[in-house]
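Structure record follows, encoded as structure tokens.
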């Protein structure tokens, strides 16, 4: 089956920043992404879990964005502007996609 | 530690199509996969979130399938037959796995 | 934007083993990871879904750990010591990260 | 007329309607207020169980009516026929493609169980009784509309057909199974069973309905915000005209069958309401190319609030006038 | 005998049992009806809190019984001893490996709190009172069976041992902590505390139990569908024989201790029931090679429905006959 | 004094407080007891809806008080002023950085709605009535403190400012919208509306509060376990001193305004309590460099339990003594 090269960018970010990240990413011309819930985690600021939490102050989400390579820099700039002062992790992986016309 | 080459296929698909995808994939001889919940996303058909939804018409899930390279085409064919007329994203990444005998 | 090479390790493991995996991983000197909920899946031990379950005997979680390459073996050893007798899948992908000082 | 206005007025300032309005307003104002998906589903499970159970108990205590079979049949016919009317209307009133029109039409043949629940709660407040088996009629009306819509499409030359899997999925849809199952449980256990669990299924019912409608308001508001682009005037007008037409068909059927006033109201409500759970899911499987934001926004953002606020009092007034009670 | 049949009949058409049956049927018919995991957990938290609290209040008003200590001890001994019987029986009746047999055995020494809850609700309907501290006995019986099973395995030469972490996990298992904690809260606040929250913990209790059993039915049905392959006749027979044997042990203990009729019934139910929360989790950690579909299907798909439908009325009849009330 | 002790004693053995204690204990003992996030959110939605609704009904039946406007204003001023006091105190008592101190200060100007709810439930048990609009005052006090804290930081030369988005997010925060919305629904539908849904919003209220506090105890205990490192003696002392100072400011305002005894108590409670939902979220956006474990642990792990156990009885005693009832 015919596949096409693309980039898979995974941004783990505080839930409270999700709308800001979404906006920044969309301003950078990227409209496709998927957001996964996160149960818990650990990092320099300690361990946490969402169990029983009602606030949105703790808790993160993971945004997955599959894009053509040429849009990568725009996306990273947009993401960086949001995560810069915040906790969060950005990772990029090379991938292949079906139906390249969608990206 | 000894690792082995494999493919990690990630299929983001409408929740309502999950059982059909599962069936197609199993018919293609692939029995191992993991399904993650999806919180929301955005694409050509707009932005959405699962918050407060009770129907299964909106809402997607993500199936992750780790397979030996030689099974990739079977999996992609099976997946494609299901997503063909539907929204959804398929991406493939090269990976290494422990315990290759499991795949 | 400046990126740095790293490894993305994804460990799908029984929910009941999560605390043991976390401990083992932290003992191996790795403090950063993110845990995603898993909805369901299929493997050699059959198909399952979390819907309606109250126990923690069935059900898995996915831990994602982004690390510098040189820590990979420590992580895999730690993970393997936990998953060894248990069901579960470990996959490793090459990735790039922003803000390398965090890893 | 005055009576309608009074009833509509009373209806509009009930906690139930205001909770829905709060949800819509919060959503339009982009508040981050939201009900977790699992909580919304739990509320809907409660409502379906309670409404089905109470219907069954009512049948067990009033005995089965000779009209039950005929009423079920009437419901099935209405569900199958209304999409044809809706489809014709859509082709006149809007510029939707055949595919989108058929998908929308399916929603209007099928029913909205929350509108039904809200109507029963208005009937209760007004001390108007109704046949317990109307719950079973509601269940029977969920699916036939889908078949009609798919037939409309296949007639257009498109070879798409219902497969067995989809058929099973539609008939064994969680909400139908729960509604019908609870109905039989209520029927089997009767007043005695009700006594055991009435402080669960009766007492808190309206309050739970408020929270559920708050959530529906949030989802509807979100839909309106995102889908307002598709709401051309013609489409919008359809969303208000169709329930009125549907309710008149339901009225006719109810009068013909000789149902009680409450029964006629519920028949009107079922005919007037549009599905937003079973049918959208079926459409995503069978007609994935149809645009979901059209049918979801119409059904949940236009017709549902119309029925909830103006429709129900109107139907109550009409039925009361014509059944001469 | 007639009495048993009547009781069983009444029991079978209660909303509680029928809700469970609905869940099983929906699941076997592959309906997509499902209760969200978070909602199921919330229901179980409610039930544990309510049952523990009410037990504590009952102890606070009837005072502590001299038998409390002995009854707890009897519970612990039963929990530890029943796995040995179960293990022996499994080796006779089935071809399960030692590992699988030990894992199954552990489930039958431990208890199912929902079976306990369902039994208390049958006792209430029949106006049979029981010792409030039976809730504490239930908590005490959760864990010892696990130790017995691990001992059975280690005897077989396998060097596997309980580690401290697992021990802590078992003893501080969420459901034990909540049950015991709520028991102490009820004890401390007494009738006054109950008055404050009885419209939460008493009034809707049975209704909540219905929804919870609906969910358990869905999960059990799914298990039966997936795990029916492991249900060889011998294994199946064990799933029905063992609760009867357990109940007889519980009966003996209850009579020896001189418990009230209700207390004897609950002792029988605890002994007859098989765990499906605490023990499966412990087995996944300690004996990961044992096949979970065997013990889960047996416990939730065979023994639980047996106790719920036939077992409880049988135990009530036996206890009533033998305590001469 | 004796009265305070009795009240505190009664308060301490209420199911509500004990449920919180159970949560803390379970969490510190590392039990795996946990309430699913969705269930916890559902409980909080219920509580906000019920408390807002009941406040609105009370306003609708007692009419609007001339003092409403002034009380709202007083609330806003207190919310804006208390962070300045808190900030000064923090600089004297602790070694926190300006940033951390400002973030903590914001929490103490704002309010904890659960503390408010717990206080109303103590007032009810003691038959002390209060102004229904105190719920609106609670809502009005949520946000101003955030602005004060950001002003404190910007004064320190740091150019950080409130952006419009954040402003909207704070004002249209889900919990404010729900509280105020339910207040207006209660106001609009009045006693009649209450009659319809009182078996949902009144009867089970305290029981739901127990489960919610169980969850808050679990979260607080987890915070204490993880964040105990940041609880230096000075910080800890602040967490107990500040609510007392706040309550005295609230007391002064309540007496000046001539509120009822219950109203004065609630004013004290609002001033004494520290936010753990709205403000932490705003701080993560506006001051991400501030350490969340300091403000979360202080607010939820120290000040909340202090108010719940000792604070509320103290405030009730003071208000009762000084309003001479």
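By letter and in written order, the chains are A, B, C, D, E and F; residue numbering begins at 1 in each of them.
One rule holds in what follows: a residue touches a chain if its C-beta (ideal position, glycine included) is under 8 Å from a C-beta of that chain, and two chains touch if they have at least 3 such contacts.
Chain by chain, the UniProt names read as follows: A, B, C = Nitrogen regulatory protein P-II; D, E, F = Sodium-dependent bicarbonate transport family permease.
Just so you know, these numbers come straight off a predicted model, no measurement behind them.
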Item to complete: Walk from chain C over to chain E along touching chains and report the minimum step count.
Response: 1
Practice prompt. Could you compare the number of C-beta pairs in contact for D-E with that for A-C and name the larger?
Written response: D-E
Worksheet item: Which one of the chains is farthest from chain A, going by Cα centres?
Response: E
Discussion item. As a quick test, compute the distance in whole Å between the mean CA positions of chain B and chain E.
Written reply: 38
Worksheet item: How big is the gap, in whole Å, between where the Cα atoms of chain C centre and where those of chain D centre?
Response: 45
Practice prompt. Could you put a whole-Å number on the gap between the CA centroids of chain A and chain F?
Written response: 34
Worksheet item: Which chain A residues sit where two or more other chains touch them?
Response: 36-37, 47, 49, 56, 93-94
Discussion item. Give the residues of chain E touching no fewer than two other chains, as numbers and ranges.
Written reply: 32, 34-39, 41-42, 199, 203-204
Worksheet entry | Chain-to-chain touches, reported pairwise for every pair that qualifies | A-B, A-C, A-F, B-C, B-D, C-E, D-E, D-F, E-F
Discussion item. So in the complex, the part of chain F that touches chain D is made up of which residues?
Written reply: 36-39, 41-42, 45-46, 49, 53, 168-169, 172-175, 177-178, 181-182, 184-186, 188-189, 193, 196-197, 199-201, 203-204
Worksheet, complete the sentence: In the complex, chain B touches chain C at residues 1, 3, 6, 8, 22, 26, 31-37, 61, 64, 66, 93-99, 102
Worksheet item: What residues on chain A touch chain F, complex-wise?
Response: 14, 16-17, 20, 45-58, 85-87
Fill in: Footprint of chain A on chain F - complex, ascending
34-37, 40-41, 44, 165, 215, 218-219, 222, 226-227, 276-277, 280-281, 283-285, 288-289, 291-293, 296
Item to complete: Quick one: which bits of chain D touch chain F in the complex? Just the residue numbers, please.
Response: 13-15, 18-19, 22, 25-26, 29-39, 42, 125, 199, 203-208, 210-211, 214
